[in-house]
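In the two complexes below, chain A is the common chain; its partner is chain B in one and chain C in the other.
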Partner chain A sequence: MTPAALELKSRTEKGGSGLVRAALIVGVPLLLALLGPLFAGEPGPRTASFGLGGGHWFGTDFVGRDVGRQVLLGGRSVVLVALAATALAYLVALPVGLISALTRRTWLEELLMRPLDVLLAVPSLLMILLVAAVLTPGPVGLAFLVALVNIPDAARIVRAAGAEAAARPAVEALRLQGETWWRTAVGYVGRSATRTLAADAGVRLTGVLYLVATAAFLGVGVEPDAADWAVMVDRNRTGLFVQPWAVVVPALLIVALTMGGNLLVDSALAHRKKRRHT
Partner chain B sequence: MRSWLARRLLLGIAQTAAVVLLVFALTEALPGDAAVALAGDQPDPERIAAIRESMGLDRPVHQRLLDWTGGLLHGDLGTSLASGRPVATYIADGFGPTLLLATLTMVLLVPLGTGLGVLAARHEGKPADRLVSSVTLGLYAVPEFALGVLLITVFAIRLGWLPPTAVGYGTDLLAHPAALVLPVLVLLSRPVCTLARLVRAGMIDALASPYVAQARRYGVPGARVRYTHALPNAVTPATQQLARTLDWLLSGVIVVEALFVIPGLGTVLINAVAERDLPVVQGLAVVFGALTVVLNIGADLVAHRFAPRTEVAA
Partner chain C sequence: MNTATETETDTHAELVAEIEGLRVEIDGRAVVDGVHLRVRAGTVTALIGSSGSGKTTTGLALLGEYPAGARVTGRVRAPDGLVGYVPQHPGAALNPARRIGALLRDIARTQVRHLPRRERARTAHERVLRSLALAQLPDSEALLRRYPHQLSGGQQQRVVLAQALLLGARVIVADEPTTGQDALTKQRIVERFTAVAREGIALVLLSHDLDVVHALADEVLVLRAGRVVESGPAARVASAPRHPWTAELLAADSALGRTESHTMQADAEPEPHPHRPAPVLTSGPLTARHGRTTVLRVPELALRTGESLAVVGRSGSGKTTLARCLAGLHRDHDGLLLLDGTPLPRSLRDRDRDQLAAVQYVFQDARAAFDEHRPVLDQVARTAVRLRGLAPAEAAAEALATLTGLGLTGDTVRRRPDRLSGGELQRAALARALLARPRVLICDESTSGLDPVTRRGILDRLAALLRDRHDLSLVLITHDLDTAALADRIAVLDAGELVEEGPTRTVLETPRHPFTAALLGRTRRAPSGRTA
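Moving on, here comes the complex of A and B:
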């Protein structure tokens, strides 16, 4: 083997170990979030707030519930709302981006993309708080809101990826052959853009996770006593001096989830790029 | 350059107008009527009607919009429903702490982010680079509140080095620098990571470029090659990301103020949202929105200075 090939091999292996490490970091909170509710069991009797011991591994929270049980229950909402929001954002961004990439009518493209440019100017969290001041969104509402603030950016990326594919001679050939719009748009342009979009979806999911957790911390889209990691951090802060576990455990899980998720996406992308080069 | 600037300013004006319209539409036209929301736990029809009349909600939408925007143009942001004080006084009260936080963060952000990026690029592939790269990559997706409470637990509660919140210091935070350390640190966490990563990538490209090799062959000292030849080219992609960083900073300020109980604009906004004090929410949203538009124009100007070929980003 040449030195260059050797180096490439070791780097690919390093990339692989990075992937494993990232998967381990994100795996703990993710499994806890998805499977935790199955093991939570029945709620025990409420005891004193911010207590330690007494059969509670991590003590009790601000209303005297078992922190361990709340932790088992509290990840599901964060993860599911984030997944739903990402999916919803693409549900709108894909058609809008693809249509404006493929259309030859400039007015249609302007009509679709200009309003989104304006939305880009509003900071995401501000937009969410603004709506929360009028409506009281539940988890579903929060998913819609987070999706809404992600649509402009996602649509721009779909359009950019689609426009690149739409300018290829293959599309011209498909048009000359009289293929239907659907087959050109979805079958060719959409498929060519999947690589870019998969990369974007990974990055977007970590951004969405951040936004969902932050909104929940600020009290948007959640009940004030909900079993939700972000809400736990917020509500149990008052007892930080006496009972830090009620804050530290959910905060660590959120850090592991977002940090691991980002590391995983990054090393998966790097891994794929390297594989394509070899 | 001049036509670019004109187009960019025009876009800014359009965006500001759109933000004003959007704020109005979202808060006034959504099904959840402000009066119903305000009546809260006792939604009896008489009370709702009374609130509606006092807010002028019984008038047609276009008239309310005209009144409101007319007021905005004269600098009148309306009056609070909860206290009856003008919204402008709320903003005046909260402005100081927020400005202090944002300024401190920006002042530290640029040297810190650039420095870390250059450091990593100089030692590409070595332990220093691997450390900087993995920390910045991991940290930048972490929500401020989660990182913040962990830092509070360690540095304020376990070690007792720093105060856990800014409670009791009022708006005069500069007199209590210890209370500012953790908030600024948390606020820096995400933007520093992006900046460092972008500078690192740009710097690695720049250091491998022919003009740097040529400068070295001429015997130009290493530090000069790095800082006067490579760095200006390396920061170009970073400047184009400035706008997104500003967006993060703004949401970061809201979270950090809530976490450390700092009486700034973010806290005013969160309280107004909780009380459903719509005029205050609207006023603050317009101020925040307009501020973002102005800062975005500034960021684009900087980016344009470094890379004149970039188009107006819309």
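Moving on, here comes the complex of A and C:
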């Protein structure tokens, strides 16, 4: 209970070093995924499975292909499908969530949200497998499918984050000014929910990557021996103790992609907040 | 309340917190500059000054809190973790998702760890009830089950005070504790704080309510633009102010109290109007509900063109609900609203542009009513763009003119709301409503967060508006009878019922209802008690 003396220092702000670090972590797998196929070159002759050396930097995989080349080729499908699926999910979830957060018509809210709840009750992987069994989708179909199973979650979060902002006097003041729906919903409610949504988007991307990878592993959307990071992790598991690189490299790239994505969003938000206050 | 003997002992009381040469700088602008403050146990130290003078920044410094991005120099010494803070808008300090009981039990639970397990819950509950009783919240069992948004502003504040008391704070910083409180509650708060101080807790009062400062404070510091212009024992500062600014503050306050000579009443005074103007806004018998509870029941009300109506009542009496019903913000009522004889949609969202512009509402909590991401000027100007179809540049120019007229500089209003003080935002909120050229302006406690000088300025400005614009009618929601006295008519609400309504003079001089008399008795006594 003795009064603690506290000396006050002037507070200096930190630079955006966190931002740079996060950009590096996410940049390596992203660039590798998008530009890798350009540098992959022609396939060499197949050699022994799970071999090391012999001109192969990262050894060979379960059918004797060069792991380095497979890594270069295998990112594009995973990354593009995951990014497209996340973006698609939000494309639907944002308007649905914002409309139901801002409407005073209960029936409209019910109409928008209840069908999504039904979708939410079905396990996502089961859903993907079911649809895949009937339609046998390609990568584009897979992106749509993964987006579909993510919409209910995302819409609920948009609605919850939006409902809090929509109940503030600021929204009443905007309505009193006759402000347009767009400016109220996107300009204020959406903007107030940005932090929550950014955090959710980071987590969701991770979940989507996992789902895309799992689907790929189960043979949905990709061939079982395709050059795909997720497929590589699965197929090369058997040789993990003989030739770890075939699993470790693609696995690390997926981890870096998801973790870096989260860090990037976090530090970008923190950076913006700091700039606003100085 | 502070007798001579008390002030004698004060100087020997234990020094619990101290600020030396505090300077807080934001964007190179000093918000607080060279403030010295000593807080002694069992005494009340009041910081007075107009809004934006650095009262809150100084008060928060005792908690070790500073505005984000601020450069701070100086020394602050305070008991670690034992400084309570009762903010101006207490709603923001309470977790909206948890019941009052849970919020208080969280604090109480940490204090009963030493007891045997069986007794903990009961003891914690007792402590909670005791702190609520100390903070003057009767009927606490029912209150514990409610959520913060189900309480009135006054009740929320008392819950926050109860939290601080429960914590066992040595110092309590109270930011405008009487703002938004009716006269009767204000009197109780003064009594409560006196008792708090008597228990040896040091109280730092940030206020521009000079009545309360006089009744409570032992020491007074007068702040202006972040600097202490005068300090000393409360009695000395009140009777013989040394700085002209202090004198001005005191003068503005006493001028506000003398209502009879005021202008707003003057032109509407002749009681049977030569020709009574047509009512601009009428409401049929109106019953408003919050969920299943009926919170308001008022018979027919009519507001005539050019008239001002004050709605008076204690906190929680339903006066804000009435205002929100008229403004279209509260839909859950069955009253029929007529604007110029044509039905006005119950909900704001069904009103067209002209109807929106005709009835404007100024929110009680101005800070919450602004978008924190955009500069204030832009937000104010949007009213004219949306409701009057002005070009953005034109609207911005008009907004700037209106804001300047209310005493805000162009430099200030180009900032985001978090850089403005509560009083500045309240004026900006008024400007935002005025830009619609409303025919009915509803002000919900719009002057309660302001210091006497600014409050007087705003009320004069409203009076001038009423004089200049003959088509403007005013509804003043207030707990303060001095403010209400400026209106033509007064409606008194008690527990959701309209107990009395009539011309201001009649209501104030010959109140028919005992509640009005009680409300009147309290406010009238306070000023006479202190000037003696």
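Basically, the second predicted complex is superposed on the first by the 174 of 278 C-alpha atoms of A that agree within 3 Å, B and C clash if a C-alpha of one lies under 4 Å from a C-alpha of the other, contacts with A are read in each partner's own complex, and residues count from 1 in each chain.
What we mean here is this: a contact is a pair of C-beta atoms (placed from the backbone, for glycine too) under 8 Å apart; a residue touches a chain by one contact, two chains touch by 3 or more.
Just so it is clear, the model here is predicted, and its values are computed rather than measured.
When both complexes are overlaid on chain A, the residue A:L38 reaches neither chain B nor chain C.
In the superposed model, A:V134 lies in contact with chain B only, and not with chain C. By the touch criterion defined above, A:E172 lies against chain C but remains apart from chain B after alignment on the C-alpha atoms of chain A.
Among chain B and chain C, the chain that touches a larger number of residues in chain A is B.
By the document's definition of touching, of the two partners only chain C reaches A:R191; chain B does not. On the chain C side of its complex with chain A, the touching residues are 16-17, 27, 64, 66-80, 82, 170, 327, 329, 331, 347-349, 353, 356-357, 360-361, 363, 365, 368-373, 382-383, 386-387, 416, 429, 432-433, 436. Across the interface of their complex, chain B is touched by residues 114, 117-119, 121-127, 129-136, 206-207, 209-210, 213-214, 217-219, 230, 233-234, 237, 240-241, 244, 247-248, 251-252, 254-255, 258-259, 261-263, 266 of chain A.
Within the complex formed with chain C, the residues of chain A that make contact are 1, 3-11, 13, 104, 168-170, 172-180, 187-188, 191-192, 274, 276-278.
Looking at the complex, you find that chain B touches chain A at residues 11, 14-15, 18-19, 22-23, 26-27, 30-32, 34, 37, 134, 137-147, 149-150, 152-153, 157, 164, 247, 250-251, 254-255, 258-259, 269-270, 272-274, 276, 278, 281, 285, 288-289, 292-293, 296, 314.
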